[in-house]
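Chains: A, B, C, D, E and F, in written order; residue numbering restarts at 1 for each.
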Amino acid sequence: MSRVKRVLYPGRFQPFHMGHLRVVEDLLKKFDEIVIVIGSAQEAFTCQNPFTAGERLEMIDLALREEGINRNKYWLVPVPDINKPLAWTTYVLGMIPRVDAVATGNPHVAGIYRWLGYNVIELTLYKPEIYNGTRIRHLMTYSDEWINRVPRSVAEYIIRINGVSRVKKVCYG
Amino acid sequence: MSRVKRVLYPGRFQPFHMGHLRVVEDLLKKFDEIVIVIGSAQEAFTCQNPFTAGERLEMIDLALREEGINRNKYWLVPVPDINKPLAWTTYVLGMIPRVDAVATGNPHVAGIYRWLGYNVIELTLYKPEIYNGTRIRHLMTYSDEWINRVPRSVAEYIIRINGVSRVKKVCYG
Amino acid sequence: MSRVKRVLYPGRFQPFHMGHLRVVEDLLKKFDEIVIVIGSAQEAFTCQNPFTAGERLEMIDLALREEGINRNKYWLVPVPDINKPLAWTTYVLGMIPRVDAVATGNPHVAGIYRWLGYNVIELTLYKPEIYNGTRIRHLMTYSDEWINRVPRSVAEYIIRINGVSRVKKVCYG
Amino acid sequence: MSRVKRVLYPGRFQPFHMGHLRVVEDLLKKFDEIVIVIGSAQEAFTCQNPFTAGERLEMIDLALREEGINRNKYWLVPVPDINKPLAWTTYVLGMIPRVDAVATGNPHVAGIYRWLGYNVIELTLYKPEIYNGTRIRHLMTYSDEWINRVPRSVAEYIIRINGVSRVKKVCYG
Amino acid sequence: MSRVKRVLYPGRFQPFHMGHLRVVEDLLKKFDEIVIVIGSAQEAFTCQNPFTAGERLEMIDLALREEGINRNKYWLVPVPDINKPLAWTTYVLGMIPRVDAVATGNPHVAGIYRWLGYNVIELTLYKPEIYNGTRIRHLMTYSDEWINRVPRSVAEYIIRINGVSRVKKVCYG
Amino acid sequence: MSRVKRVLYPGRFQPFHMGHLRVVEDLLKKFDEIVIVIGSAQEAFTCQNPFTAGERLEMIDLALREEGINRNKYWLVPVPDINKPLAWTTYVLGMIPRVDAVATGNPHVAGIYRWLGYNVIELTLYKPEIYNGTRIRHLMTYSDEWINRVPRSVAEYIIRINGVSRVKKVCYG
């Protein structure tokens, strides 16, 4: 339908880190546009999902602008869970511009989109032992080392909204 | 994956009537097997949806056996609504054996499966002014004329479960 | 939290028309940024909601760019219905950047956000007998007059995706 | 399990009126306790459901106290819709103390509880052309005649929360 | 709106124990009325949630009456989960009388209500190593020591409904 | 209503194994027909639920035919989770032909159907340390020993749809 080539990149982005940024940059070498779906959009204020979808939307936008990526190259779309994995594939597709492929490092997501007949790009994560959401949230509870694992504008945003004390509270009470 | 050719035929079947039976017979001339999805499966005891999905399951099974259709030729699968039209396409596909096409007379259903890239067979309804669920339910509230618009075994089943007085009650209190 | 002043503007945008555009322009005179929430995001291929949320996202983006509105001034966020009106207020707020007010012409939406304690701007619709989604969808089924009721780029987009024949089909079979 | 005889009385109570009060009084002649389920508890700020479940809870409590009914005789339990009629029967039963019967004037509700094997008391409504929620909400939009169709304490409560202007707004914009 | 000062106290109360009772008594020193929300109201017959919401409603009512707390001082409202944390805040607020504050020992609940702009009272739990739902349910599977950790009337109620054998079964099969 | 004696047998059947088959055969000695409910029907492509409900439907049908069980003796009905345990009882009952008893080895399921007043047959599992879904899925990730724990036709089906590599991927990435 459209000549623009687009790729869907779904994730939870709790928070958006340097590994995610690397993926976005790589995908933009092969596609004209990227559609970043912020999954589990209904979640917030838990240890696994401390940030609201709106906050993650702002974080990612800040990070991509900081990186100098043109605003016309990316779409940011929060999508809530529906607890129906196969139905979720088309739930997402209905909320975004038409895409030509799905990029993911998650075997469940790869499986369901392949089942649907979609072209799936299986991502090799960039230094997953360092750039890893669970690890970064854990670091936030006791050290400053998390800061250089996320883009500078994301770190500033998290600090501005008191995100560190939030993570400490929802993880350890 | 499988060499058996199957077609999906979704409907509400409130109740299953001669028009539906005609569609099943026609589709079985072109496909090895038919997957009949009983939609709005969570509904019952309303004027628009008087019968439970379980009752509709029994009705359809009785009608197809009465017609001498081999039990290996059809699958009966109740599927509830999820109020998410595009997601519903894959919700259904996840609950049934793999199909090669979707047959429907409903433009909404045709639209969503075509959007998904599926082969859609648009059905021309057989005498829709006579074989029509709304019309048949309405007839049930004041006349016996509904009886010869449904297969004999369906009429007997409805009478046995006191379906006529149920329809009267939920339609007119 | 942030010094940027933002306003939430929710709607279904089936399709985005000149009346909507006028509202966006007016709101951007009083606020730094507008958050356009595309409601009933799960709907598509019905007479009342023919276009997917992804298509509406593209339409609105095209219209605002055509109008020369800077991409930094607006956020486009599709949000599905949850059939829980009061809960929907915070469901939406969780998926968008922090806003200072809600602008709406819908008394139900005005009521629930005011109940929550939010600053509500009640919109006076611009020529509602002309710029009206229901009216425009109806026009699409039999005339070309719909075309100059929507921004040029929206009309082109609808034509390119065969939206007119889709509306005819889902409205009249 | 318990020797106390209880009856379930579900309704929407938009608002609670003299007809409802009459039912409660009649049922308390035959049962030790009544469990009033406030249905469609998630709804509010629409023409059909203007009041929140919390407001309806307060209204009913005021009306029963005004009538001198002992607080030990009644339970007030808001229950949201789940859009699954048969499942709703046990959804409700799980949220209330054990009951011995269900009293209703609604043939759909009577049907589903009878299907489940419950003892159903079919209510004959008291002057339904006068004591009728739809009629009373309609009156609220243009006259004071609604006032003597509801208990005095309910009228006062509605006036105190500006309920009349709310009904006007959500019904006529 | 109302001059009565009310506080919301949400919990699962599986079962209601002396620690909960202590909180209720403390809150009633500072507020006129308490609204006890029985969360996860849809759950029952699991190891983590053995009792139905209706049973928990009865338990709490018995315990508060036993303690001599006037029935006019408390509201008991079961509320099911909706798996949408931020939306849950207003889902609850719509089902209860207006409150002035939220009291909780749960950092997730504190976080979401504070996000919404509510006055949150962070509870310090009373001897949490003793008065603790998980601990009490565990004790129920092998000892009588659970009995003096709950109000006498709650213990009697649990015994009367065979709650101990239920907990054993759903926890250990 | 019907003189045919039927039993409900719910399970996840991930995959259908010799232990399940043994239960079916035993139940058919006491009942005329068995209604096999394929639970968690919305799940697929996870380590705990690798197969779609449609695939499980096909597997069970193959296994029962292989065993020579007449197609008139069993009903196969996929039912999704609704995350409302007590409501799930009647959700299931609405989607199946009327049954006289429920057979289960799961204490939660036994509890909720007994609460509803149903006749529950508590199953003693057949060699549960060998014929066990979790164990069999685990075996599939590193050995061929799973093969003789499931009916031959099920093993062939799983191999044909590349089920082994799917289980490896969704369990270990």
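We take it that a residue touches a chain if its C-beta (ideal position, glycine included) is under 8 Å from a C-beta of that chain, and two chains touch if they have at least 3 such contacts.
The shown structure was predicted, so the numbers you read here are calculated from the model rather than taken from an experiment.
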Starting at subunit C, find the fewest moves between touching chains needed to arrive at subunit F.
2
Chain-touch separation of subunit B and subunit F, in steps, is 1
Subunit B-subunit D contact: same residues or different, taking over half shared as same?
different
Comparing contact pairs by residue number, the option in D-E, C-E or B-D matching B-F for over half of them is D-E
Rounded to the nearest Å, the gap between Cα centres of subunit D and subunit F is 42
Between subunit A and subunit E, what is the separation of their C-alpha centroids in Å?
36
Interchain centroid distance [CA atoms averaged], subunit A/subunit D, Å
46
Where subunit F touches two or more other chains at once, the residues are 42, 44, 52, 80, 83-87, 91, 93-94
Thinking of each chain as a vertex joined to the chains it touches, would you call that graph a line, ring, star, complete, or other?
other
Would you mind giving me the full set of chain pairs in touch?
A-B, A-C, A-E, A-F, B-C, B-D, B-F, C-D, C-E, D-E, D-F, E-F
As the complex stands, subunit E meets subunit D at residues 1, 41-42, 44, 52-55, 57-58, 71-72, 75, 77-78, 80, 91, 93-98, 160-161
For the complex, give me every residue of subunit D touching subunit B.
83-87, 107-108, 110-112, 115
Sites on subunit C touched by subunit B in the complex:
42-46, 52, 80-81, 83, 166, 169-170, 173
Residue ranges of subunit E in contact with subunit C within the complex:
82, 84-91, 93-94, 116-117
